[in-house]
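Structures given as structure tokens follow.
Two complexes come next, and they have one chain in common, chain A, joined by chain B in the first and chain C in the second.
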Partner chain A sequence: MNWNQILLMRNEIVLTLIILLVLVSDLIVKDNRKKIISNIAIGLFVIHMLIGFIPMPEGSLFGGMYRTNHLIFGFKIILNVGVLLILLQSASWLHDKLQDTTKIGEFYIILFSSLLGIYFMVSSGHFLILYMGLELSVLPISALAAYEVYNRKSSEAAIKLILSAAISSGVFLFGISILYAVSGSLYFDDILGKLPISYFSVMGLVFFFSGLAFKISLVPFHLWTADVYEGAPTPVSNYLSVISKAGAVFILMVLLFITMNTLHDIWIYLVYGITVLTMFIGNFFALRQENMKRFLAFSSVAQAGFILMAMVSANQAGVSSVVYFMAIYIFSNIGAFGVVEAISMKTGKENMKDYAGLYRTNPKLSLVLMLSLFSLAGIPPVAGFFGKFFLYTAAAGQGFYVLVFIAVVNVTISLYYYLKVIREAFLRTSDTPIAYFKSDNYMKVSLAIVAVILLVIGLYSPFYDYIYSVSNIVNF
Partner chain B sequence: MDILSLFVTVPILTVIVLMFAKGKKQYRVVALVGFIIQTLMSFNLIYQYLHVRALGDKSIMVFTKDLLWFAPMNIHYAIGVDGISVLMIVLTSVIVLAGIFISWDVDDLPKEFFISLIVLATGVFGFFISVDLFTLFLFYELAVIPMYLLIGIWGSGPREYASMKLTLMLMGASAVLLIGILGLYFHSAPNGGPHTFNIFEIAKLNLPVGVQRLFFPFIFVGFGTISALFPFHTWSPDGHSSAPTAVSMLHAGVLMKMGGYGIFRIAMYLMPQGTHFWTNFFLVLAITGVVYGAFAAIKQTDLKYINAYSSVSHLGLVLVGLLMINQIAWKGAMLQTLSHGFTTALLFALIGVVYGRTHTRIISKMSGLLVFIPVIGILFVLAGLANLGLPGFSGFVSEMNIFVGAFQHADTFHRIITILAASSIVITAVYILRVVGKIMMGPTMKEYANLPGITWYEKTGTYILMIFIVLIGTLPFWFGNILSDSIRPFIERL
Partner chain C sequence: MIEGVSIYEILTLTTTVFFIGVYGFVTRKNLMAMLISIELILNSAAINFVVVNKYLFPAKMDGDIFSIFIIAIAAGETALALAIIINLYRLIMSVKTKDLETMKH
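Then we have the complex of A and B:
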């Protein structure tokens, strides 16, 4: 193994170095000057993100346990940008809200560890690496969920998260062991084409699928979502709703499309059913939520349903539309969570009713909120429209018109609750509106970037063209 | 920049300038200047269009342009116009211009008001120039969504309810439309090769009959909802009555026109066999809308509701004309689209003007206004007469064409439809004359003795619309010729 090959793991190596650097600087910096660690960590992460843009060859390491290709390369860039935005949004929470400033450094270390887990998960070529990545991505996050130790809800969220994660890991492992029993290998490449259509392998598929469905919070494995999102600190909910979900979706897609393609005729019904359930139940629960974080939790459940919809088409269009929509979803949700975070940071208000008259006091914030929600709802010219459209196209391309019809019905339902927030913020006025406030610069930069991204990446077609061109990993 | 893309670019630039403008005066001046440019451009477009046709350009669409947008899906930014879209563009720019004049005095969040209005207009312009289904759909949705804010923020009465209902119904309809568009897209390449969203590419092939019959109702209902096809019209009365004046004008005058246009251009043109299969069914719905809308208007007490139901009735006539499938009826339907756009916008504008003075829209509370506000009163009477289709105004020509076209079908079913459609004129006369007679001509009321007269901006806004109503009414052959030439290639396919 030579140096060039090791560089295939560039993202992981650099991120590990950053974790170590932050750890060391956390030791060096005096307790009363911990805030500087935020700058160090964010600065290092920016460098890491920029390095991520340098082109990289495809290849695999350790006999196929770890692999990378152009799609994974592009996906990691998207993850990096998303994480950077979350880091920027979390700075004010770390500095002002958290009573114990010594914990600032730990936050970055734990978050980066989780991201490292997602990197491994996305790049895995072997079920054990996948499992390791999955655990590494979830366990640190449950620590972060309990970060506000003085807040009971935060601890509750952490316990819920860790318990459901543990159960899902168990289910996941059970599924893997059945798949191993059927195929005789844990390498994705060895399993390829070898899974027979038998009850046993279908059982393995179902358990394995359920394990990942927990992470993506698909119905009926979504019950932890709302409580955890509500209780956990907002940046952590944000991370959970986009980055860890994206990682799990990506690897689920790769496994279903490629490794388990012999079971295509079976998993397609599984995906179909779960999609319909997830969209309807996520939407119906979101309709009546009053707390913004719970609302976004259910909305993200419903969005997961839309993402899954495109998976019924196991082809290049399916891969590219899922990845494209994931990217757009990441930025839209970060925008929405960012606004919720900014408001709850300054005023402590998290209920939809409190947002009445927001536009008249905080116009810029409301505009970002509107852009993000419109993007989630799929309204042009914001990016979400293109994302949704390509998801429909992917599903309709394989003749699933009924599924697309169910999806568009759900989009209309979801539009109602997104407009409910817009109604509070723009249409209504309030005697006690959220007073005008200024967020810190980190938050401002983050929200500005989100707004620009949401306006641009839809209309700017080369972004989709690129994703499409690297999505040729499927050959059915 | 080509002549057509400017119609989308100029409004966007206007919006950008508006964002940086300061103060109410600047906002409205910027919006006005932007739309005066737009209107002049649309007049120029007619001139250019006639010029190109005079030079002997026989292609269906002129000024076409085609840019590849999303290569993997073969999505293009493809634009082009024929006589119908040119006139629609003129209609849109004139009505938006009039709308800006009428809302000259908007006090609450004026910047946001004009921005939303212009974004809406951008969507409409984009819709009328698109020949690619994806672009068309994008612009269609872009036009619908600002309506939520416009009605929700600046509306009156149950504005939250009305705006939510309107948006959900229209977006639901666009979801149905989307299914139809995807259905067309995935059947656009029967011999392999890339699928296409281009209308004229799809028109080159004959889609299988089963496909046409399956997807025709999706597209028809999708577009039908926005042109208030019975029974999907329920958003329209609530939406119109809660909307601020300029928005009602735009909505009835322009936005609802996208429905008929889309049905004509996409549903009927691309799916001729589907059209023949479904005609009778939708004719029944359309004629129900015509008669129902007219009767419902009689019962209303609120001026805006009357006009809203009258729109349901008149746009039902457009659909009836379209579904008659012959040259004259189609010409009538197109003329009716234009005519209804100008007349309804004028009526809504005048209702807004009257409401601004009397602060009520309930008919029983107003009487004898003609004495105190003569100019507004006379305009109101004229608008009412135009609406009921008096000769000399646009409504007469267009309705005449529709009925003549409809009468060419000799079977009993079509005869009954035609008779019912023609009877709506009488019902229209009932409610129009009642309204005009009561609030304008009735005994004078003391509390209205000191109403202020018409202001210059109201005058300008209403006069512009009046001019066009009279123009269509007196020069119908000029408009008719532009339309006929463009209708021919479409009728030949059916």
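Then we have the complex of A and C:
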């Protein structure tokens, strides 16, 4: 192993350095000037994101335990941009909302650790690295959910998150142990083609799948989602709903498509059934939510169902449509959560009814809200439509017309509740609307970037072409 | 490898322990008891790894090493969960799940 090979882990190495630098600067900076750490951390992360764009060869390290290819490289760039936007949105919460500003540094250190875990999870080539990455990504984030230590709801969200994360990783491990017993190896490459269709390996598959389904909040395992998103601080729920979910979806896709392709005839039924359940239950529960964070939680459950729908195809179009939709979903959800956060930061209001008349008082904010919700619903000029379109194409390309029909029905249901919010903001008037307010610059920059990305990314076809060209990881 | 004990018996044991853990997690009304149930689940998985390695694939040590990592990470997980439970106890003076629920719709 030489220097060039070690550089394949560039993302992880730079992020570890940033964690150490933030830690050191947290020690140096005096207690009354801690706000400067936000600037340091965000500045360092911008540098990290820019370094991430430098092209990198494919390869693997540590005997195949860690691997990277062009798809993983592109996916990490998407994650980096998403995390940067979340960091920009969290600055005002950190500066103004917390009683104890001496803890600002911790937030960045813990959040970056979680991102490091997701990096390892995404580029794992061995179940041990996958497990470590999963734990490293979820444990710091449950510590962050309890970040407002004097807030009862925050602690409640944290305990729910840590307990469900712990049991899901237990189930996940049990599944891995069975797969190990069947195939005799823990390397993804060695397992390839060694999983026979037998009761034992199907049991392992089901346990393994349910462990990851907890992280993606697919339906039988979604019960923690709404409570955690509502109770946790908004930037943390934002991170949970996009970045953690994206990492878990990616590795689930890679494992199902490549490593477990001998079990394809079995897991196709599993994925099919769970997709239908997830879409319907996520949508029907989202219909009756009044709190915006709970509403976005159930909407993200329903979106997970759409993502899973493309997985039935198990080919190159499936991979590219899932990754493309994940990218769009990340930015749409960050936009929606950002608006909710900006409003709850200034006024403390989180209910849908409070948004009445928002357009008259805060037109720019409600435009960003509209763009992100249209994108989540999949209405044509915005990016979300193209994401959904490719998901349908991927599923229909393999002949799953019934599934596509069910998905279209669900999109129609979801339009109702997304438009309900937009109706409150644009058409309704209220005697006590949310007063005009100015967010801080970080929040403004972040929401502006989200709006531009949502308008541009769907129409800029080289983006999809690039993802499609690097998605040739499936070959069967 | 233990004389006179086949892999079937040990796997039956670990599977039983696993489902006792799941049952306990679902039915217990105390956060500490739920943590203990999670420990049962993690330990059953760890034993599974060791047994599979020892009985079926003794040439390499994949499973043994994995079980060591499981034990270490489980300890970290429990420590974090305990820290959160202690913080919650300061706020509501209870570790019962029925005193916990405020968000439920």
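Following the convention adopted for this analysis, the second predicted complex is superposed on the first by the 476 of 476 C-alpha atoms of A that agree within 3 Å, B and C clash if a C-alpha of one lies under 4 Å from a C-alpha of the other, contacts with A are read in each partner's own complex, and residues count from 1 in each chain.
Just so it is clear, a residue touches a chain if its C-beta (ideal position, glycine included) is under 8 Å from a C-beta of that chain, and two chains touch if they have at least 3 such contacts.
Being a predicted model, the structure only gives us computed values, none of them experimental.
J.: Which of the two partners, first being chain B and second being chain C, lies in contact with A:N261: first, second, both, or neither?
T.: neither
J.: State whether A:L427 touches chain B only (first), chain C only (second), both chains, or neither.
T.: In the superposition, A:L427 touches chain B alone.
J.: Where does A:N351 make contact in the superposed view: on chain B (first), on chain C (second), on both, or on neither?
T.: In the superposition, A:N351 contacts neither chain B nor chain C.
J.: So in the superposed three-chain picture, is A:S60 touching just chain B, just chain C, both, or none of them (first/second/both/neither)?
T.: In the superposition, A:S60 contacts neither chain B nor chain C.
J.: Is A:L128 touching anything from chain B or chain C once the two structures are fitted on A? First, second, both or neither.
T.: So A:L128 only meets chain C here.
J.: A:F174 contacts which: chain B (first), chain C (second), both, neither?
T.: second
J.: In the superposed model, which partner reaches more residues of chain A, chain B or chain C?
T.: C
J.: Let me test your reading of the model: by the given contact rule, A:N472 touches which partner, first (chain B), second (chain C), both or neither?
T.: Neither partner.
J.: Identify the partner contact of A:L186: answer first if only chain B is touched, second if only chain C is, both if each is, neither if none is.
T.: second
J.: Any idea which chain A residues touch chain C in the complex?
T.: 127-128, 131-132, 135, 139, 142-143, 146, 149-150, 152-153, 155-159, 162-163, 166-167, 169-171, 173-174, 176-178, 180-181, 184-186, 226-227, 230-231, 288-291, 294
J.: Please give the residue numbers of chain C that touch chain A in the complex, ascending.
T.: For this pair, the touching residues of chain C are 18, 21-22, 25, 31, 34-35, 37-38, 41-42, 44-46, 48-49, 52, 56-57, 62-63, 65-66, 69-70, 73, 76-77, 80-81, 83-85, 87-88, 91-92, 100-105.
J.: What residues of chain A sit close enough to touch chain B in their complex?
T.: Against chain B, the touching part of chain A is residues 317, 320, 374, 379-381, 385, 389-390, 392-393, 396-397, 399, 401, 404-405, 408-409, 411-412, 415-416, 419, 422-423, 426-428, 461, 464-465, 468-469.
J.: Contact residues on chain B for chain A in the complex?
T.: 69-73, 75, 134, 138-139, 141-142, 145, 148-149, 152-153, 159-160, 163-164, 167-168, 171-172, 175-176, 178-179, 182-183, 185-186
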